[in-house]
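Read through the structures below before going on.
Here come two complexes built around subunit A, the first alongside subunit B, the second alongside subunit C.
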Partner chain A sequence: MTTADSVLVRPRALAAGGLGTVRRHPLIVVLAVMVLVFQVSTGSFLDPANLRGIATDAATLAIVAVPLALLVISGYLDLSVGSTLALGGLVAGWLAGQGQSPVVAVLGGLAAGAAVGAVNGVLCCYFGLSAFIVTLGMLTAVRGLAQQLFPLPLSGFGSGFAWLGGSRIAGIAAPVVIAGVVLVAGALFLAFTPAGRHVFAIGVNREAAYLSGISIRRTPFALFVVTGVAAALAGAIKASVLDSTVAGTSGAGFELTVLTAVLLGGVALTGGSGSVLGVLLGVLFLGSLQNGLTLLDVPTFWQQMAQGSALVAGAALAHFAPRAGR
Partner chain B sequence: MTEASLRIRGLTKSFGGVLALDGVDLTVPMGQVHALLGHNGAGKSTLIKCLGGAYPPDSGTIEVGGRSYERLSPRESITAGVAIIFQTLSVVDALTVSENIFLGQEWTRYGRIDRRAQEKVAAGLLERVAATCSPRDRVGELPMGQRQLVEIAKALSRSASVLVLDEPTAALSTAESDALAERVEDLRTQGLAIVYVTHLLAEVERLADAVTVLRDGRIAHQSVGAGQRRRDLVAAIAGRTADGETEAGGGPVGDRRATNLPDADRPAGDRPDGNRPVGDRPVEDGPVGAASPGATDTTPRVTTSPATPVARGVGSPGGGLVLEGLRGPGFGPVTLAVAGGERVGLYGLIGSGRTRILETLYGRRRASGGTVRVGDRTVAAARPGDALAAGIALVPADRRRQGLFPTLSAHDNALLPAVRPLSRYGVRALGAERRVFEALAGAVGLRPARPRLPAASFSGGNQQKLVLGRWINHTRDLRVLLLDEPTQGVDVGARQEIYRVVRSLAADRGTAVLFASSDPEEIVTLADRCLVVAGGRVVGELSGAELTEEALLSAVHEASETSASCETSAPTETSDLSKASAPSGAADVSETPPAHEPSAPAEGAV
Partner chain C sequence: MITTPFADSAASRRQFLAWSGAAVAALAAAGCSAPGSDTASSGQQAADASREPLTKIGLDYPFTQLPLYATLVKLSTAAAKKHGVSLLTTSDGSSADTQATNLNTWVARKTPAIVSFPMVFEAAEAIAKAALDAGLIWVTYGGTLENQSADIRFSFREGGTLLGEAAAKWALENLGGKGKIAFLTDSTIELGRERTKGMIDAFTKLAPGVDVVAQEQAIDPDTGLSKTKAVLAKHPDLNLLLGVTDASAYGGYKALEQTGRAKDDAKTFVGGQDGAAPSLLAIKAGTFYRASAALAPQDIANAIVDVPLAVAAGKANPGVEVPIALVGPRDTAKIDALLAQNG
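Let's turn to the complex of A and B:
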């Protein structure tokens, strides 16, 4: 604890790791053990090709999980991301299919996501409605809108659009690069911007934050918009990878998977605590679990049980573990 | 059961090394009303909480209902026959009167609640306390006085033998207070042992058979039998003020022991770090309003010796705060002025409107009329951000709900409003933040001065220093500092440091200080001048030699007797805050109180 008392070292400790980090994120140990078990039992888990697969799968999860985590830290929640993902992918794919340039197509998709996020944000932050109820309603409403607008499956978006999901930047798949950028941006935002501090303050005690002169509506509103945009981006990436998308099923259940990753990563649902490193771990954990169990030919419903149990076990661990680790 | 119903022996309780109760003995026989007096922080509430099972005492015994306990659990306390009626009542608004009375002890018949039988018994109990409400009334729709009677009836239904009333008249109108006094007299004849906590000496004179005055956790005065002289009681309550500014002379001081006060309690003026009593007690202001006439005949003239009476308006002359006819729900019109460098106290009981005045000034509540000026600028604060931009800052009363971020670090707590002003190009200036933190931690005497420690791990006093420190970090031009109950839940040592910080803000930076307090000692210690508030208005002004605890106690007593308009603001102020202009609620933040035990992990909870 010689240097740990300085706020300056927090980001450094985050980067450098260290015992304190492990103690704050027991998931690191769990993840390492799990990877070891999968490697021993499958023999191919740590193959570069497989790791690349995990990273690509986890990328869309991470892109949405980071802004969602920020939203949860500030005391809100967004359950509508699954449908927003579908809408974003459909709008982007449709624009690409109409012959628009890939850039315009993607921006169009993002705009749709921003619109959904803005509606959520206005209702939750400015009108003060319950985020749980608003975004639960939007989950259903946006899905309905997507099906109304795009009743038929879309496919054949063209080679330009396929770049988003399929190309490589310095040997790394584009979605993974994007996810990396989002993760780094999220961590920097929390540690180094005033708004990042405000996110925590609002999540811990809104009333006290308000009385401290902080704008308690603007920042969470912006996070709702960013979360919507991120979900739409994930949708565009998925549409690009598959070269097709269906309004009815795209991103179904995604909202709960993302939330699981966020909560596994140590973000408290009550707001006020969490970290981007934790979110990364949560995403990697879910990705590895799914991948490993698939390699082991475990049926899907067992995988789902494992995923759900992991969340509950994590919660129990955090609740009952001796609080010596600080 | 013929003798003492409640006997407390040598009760001692400390918090983090600070003795809140130090060997307190208290015996209350059946059919006695025992008044418990003392300042905020004297140990009254700790005593009550030990009795109710909320705190385990360090040592001593509590004998109640014929059994002796080293410590009580809340359930044991109830079964032993102790009933505590707190200021903030614990009735459930959504339930009916009889449902409240039988909450947790419902009468059932074939597995169903026997509503009829309950209501019949409830009616009997209500009659016993002379409540006018019906068992079927919804408690939320009843006036405060009736709710209190419902709670007393509930205590009776559990066959309580010891009834503790914690400032029961604080939120009541005059008529309701009178009615309650009659009930207390009835209950005394019915054989209950009653502990009656109050600030009002008139209530003691009317009701008490015995009196105990606590001061700094010890018994400063204890007497049985009527006819306690008011001056004796006041002297015992006041004791020797730790500050040394006020010598409560006059009457014989009950027990003015020279306690071994830590260094921090030495007279602030003697300290080398500069608390020159600038602007101390301007005496040119005559008494105004109802405050003084009664003050003079009932209380001894107490010699208050301000070091140097300096005319008002020291510091920056134009920098003061002026309110003209400020009105809002539950208060007003209020007209007052605080010069730059001046410290003005707002003295009043709970419900007097003092909190509303401060919160309206700060933009937390909306004013319905009047003007506020800081210097020569008119300020219409619609939100705290506006007030802060005009140089007005507030240290709120309810630290846990309105001030603190328990799980965040001391650094974050103290610097929160400064992070953005300090930042450059949207990036935090971490070096500058650290320097500001070190400076303000030194200025307020934060202990331990560890920036990364979560705020919840600090003592109440140091938490308050963090909240106060938020506004003195030199990144803002602090023109007006508002404080609401600045030392509530703060130990004696930290209290002196907070006073020191506030004094030096006024003296060195010319900040106009307006603070509300229900503690006369605090007013006398910290204020140059005091305005007495009742029923949402300023009803009197005391300054200079007149500003004594005796005068304040008399003034507020008279104000509450004469001002019938008290009723308008009767519901406790803090409880309806959330409903006022509260920032519109999100998710479920308001329902989940921030984890505030020190053990709650800042990170890692799923």
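Let's turn to the complex of A and C:
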């Protein structure tokens, strides 16, 4: 191929690749149209301050959505992330309030999340119990534990702990940087590591994966633990941003929001397919929709109807698109 | 022959069932001996509880996720203990259906006195009537039913009105009656609707020159934070933010702070309702979180115990109205007292 040929062919190849991505992730088009509509109708949607707000809000969602997506791709599910988020934030906040260093406080929160993830992992991966039932039970049990341990609101965690949610790294909010790291790590893990390919293999057919020599218990168990840690990290970030946290309401309903983002992103609930790019799109879709409806001053109940309708439409698009990542 | 983990899983499940069975048995044993559990036979209760000294009061407060719940249970249990009464509680989880089930169970087992905060007042009438018909004491918390022995009233609207009036007065004095305000509201339950109406009506009546730029549903800090961020993107010069709860207002306060507003900005006013600890601390610190319409938990806890005892003793008009007070930066003694009750 001559240089002239490659100059002509490369844009075509790039265009074909881009079209392929759009075909696999039609949510890109929906997101683009939605952004356009919100910008035209509000005039302030694309303001840098608003975009920063969306990114910061979406960061905690992305931090949990990535490991949860990997878990779903491997054929499991974790519905306890909302309560784990609350427990992680409370433990971290409490430790910070007790005068512990921010690092110790955050590590304490992460340990609590890892413990919840480990319990989920043992029950689901080693005892073979239903992930739906186990994590639904843990959702309630961990919330109860958090309320029992911390019945009153915690606040005043100190300036050191505030760094996690309020500082900027190269001008970007720390939670957004952390979310970026999680997204990149998740994408690299899925695309370039043997364990990442094992996640798909386990999700497609667990027995076939086992017969191929893949550890079908260890990998999902690790994903449960990582998901618990990620939820606790999100809780610590939220506690840091608000400089307060409440056991009863922190992270309430978060499990459905994060699962919605994962499913909207094209991850199959039955396992075996999905991508981190899709998850990112799902997270941005939810964050933009919520923000745009608020900017438009849409009344509460109309907002709920609009959100529900948009989610169904997004899910339908994802369903009819070719599966990603298998 | 290949042995797969799927073959092993049956044995694992048997092991698990054995372990979990033992754990459940241990928990059940612990639960049976836990203080506050009501295991008395319903048949041993008198049909007409008011004729016997009251030994048990059932507190049915549905919003178990709220910090106030834990505070109320703690203070009410202590207040009940002083009278030799044990306090029972339900776990409604903010569900009207669960609340109805739990209340029906209490009526069936003849819990002698029930103090209930109905999520749906109309739905509670039949249960309250059944309780009275069974000779039980029924005290309505947070309102009034047709069928009841007495009530513990709060004027939720008054809390909103106090806050709205204080914010309007501040706007007139500090902004010349101009500026922008956003409300964080609740339209999902009666309490929220009353507070919202009181807050908005009082403010708009007294400060008609201030533009209402947003009314957003938010009762928790996370939602308050994200909604206020969105409002600030459109109205970065927002001056006032009033919340139906202190929790949502505190989220809004953090959003304003994170956009670079100085903590003591002279042109900003945030206020909420409940008297929650983080908000009280912010008010005390002299920030632009300037007011909270607060209920004193100790007053409520005393009423939860005293009103059914008064009914049992046959006193006339035993119901009470628990006052709501507005606290601001100058009310440090009152704030300290509220913080002590919350702690």
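To be clear about the criterion, the second predicted complex is superposed on the first by the 296 of 326 C-alpha atoms of A that agree within 3 Å, B and C clash if a C-alpha of one lies under 4 Å from a C-alpha of the other, contacts with A are read in each partner's own complex, and residues count from 1 in each chain.
Please note the rule applied: a residue touches a chain if its C-beta (ideal position, glycine included) is under 8 Å from a C-beta of that chain, and two chains touch if they have at least 3 such contacts.
None of these values were measured; they are calculated from a predicted model.
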Partner chain(s) touched by A:128 [first = subunit B, second = subunit C, both, neither]: both
Which superposed partner A:272 touches (first subunit B, second subunit C, both, neither): first
Between subunit B and subunit C, more extensive residue contact with subunit A: B
Touching partner for A:200 - first (subunit B), second (subunit C), both, neither: first
Touched partner set for A:295, first subunit B, second subunit C, both or neither: second
Contacts of A:152 with subunit B and subunit C, given as first, second, both or neither: second
Subunit B versus subunit C as contact partner of A:26, first or second or both or neither: first
Touched partner set for A:240, first subunit B, second subunit C, both or neither: neither
Partner chain in contact with A:217 - subunit B first, subunit C second, else both or neither: both
Subunit B versus subunit C as contact partner of A:53, first or second or both or neither: second
Common interface residues of subunit A - those touching subunit B in one complex and subunit C in the other: 126-128, 207, 210-211, 216-217
Contact footprint of subunit B on subunit A as seen in their complex: 4-8, 24-26, 75-77, 124-128, 130-132, 191-194, 196-198, 200-201, 203-217, 220, 263-264, 266, 268, 270-275, 278, 311, 314-315, 317-319, 323, 325-326
Contact footprint of subunit A on subunit C as seen in their complex: 2, 4-6, 9, 12-13, 15-16, 64-67, 69-71, 74, 185, 187, 214-217, 220-222, 225-227, 229-234, 236, 247, 250-251, 254, 258-259, 276-278, 281, 342-343
Subunit A residues within the subunit C interface of the complex: 42, 44-45, 47, 49-50, 53, 56-57, 123, 126-129, 147, 151-153, 155-156, 166, 207, 210-211, 216-217, 238, 241-244, 246-250, 252, 290-291, 294-295, 297, 300-301, 303
Interfacial residue positions of subunit B with respect to subunit A in the complex: 362, 364, 383-385, 387-388, 394, 396, 401-409, 411-412, 416-417, 419-420, 423, 426-428, 430-431, 433-434, 450-452, 470, 578, 582-590, 592, 594-595, 599-606
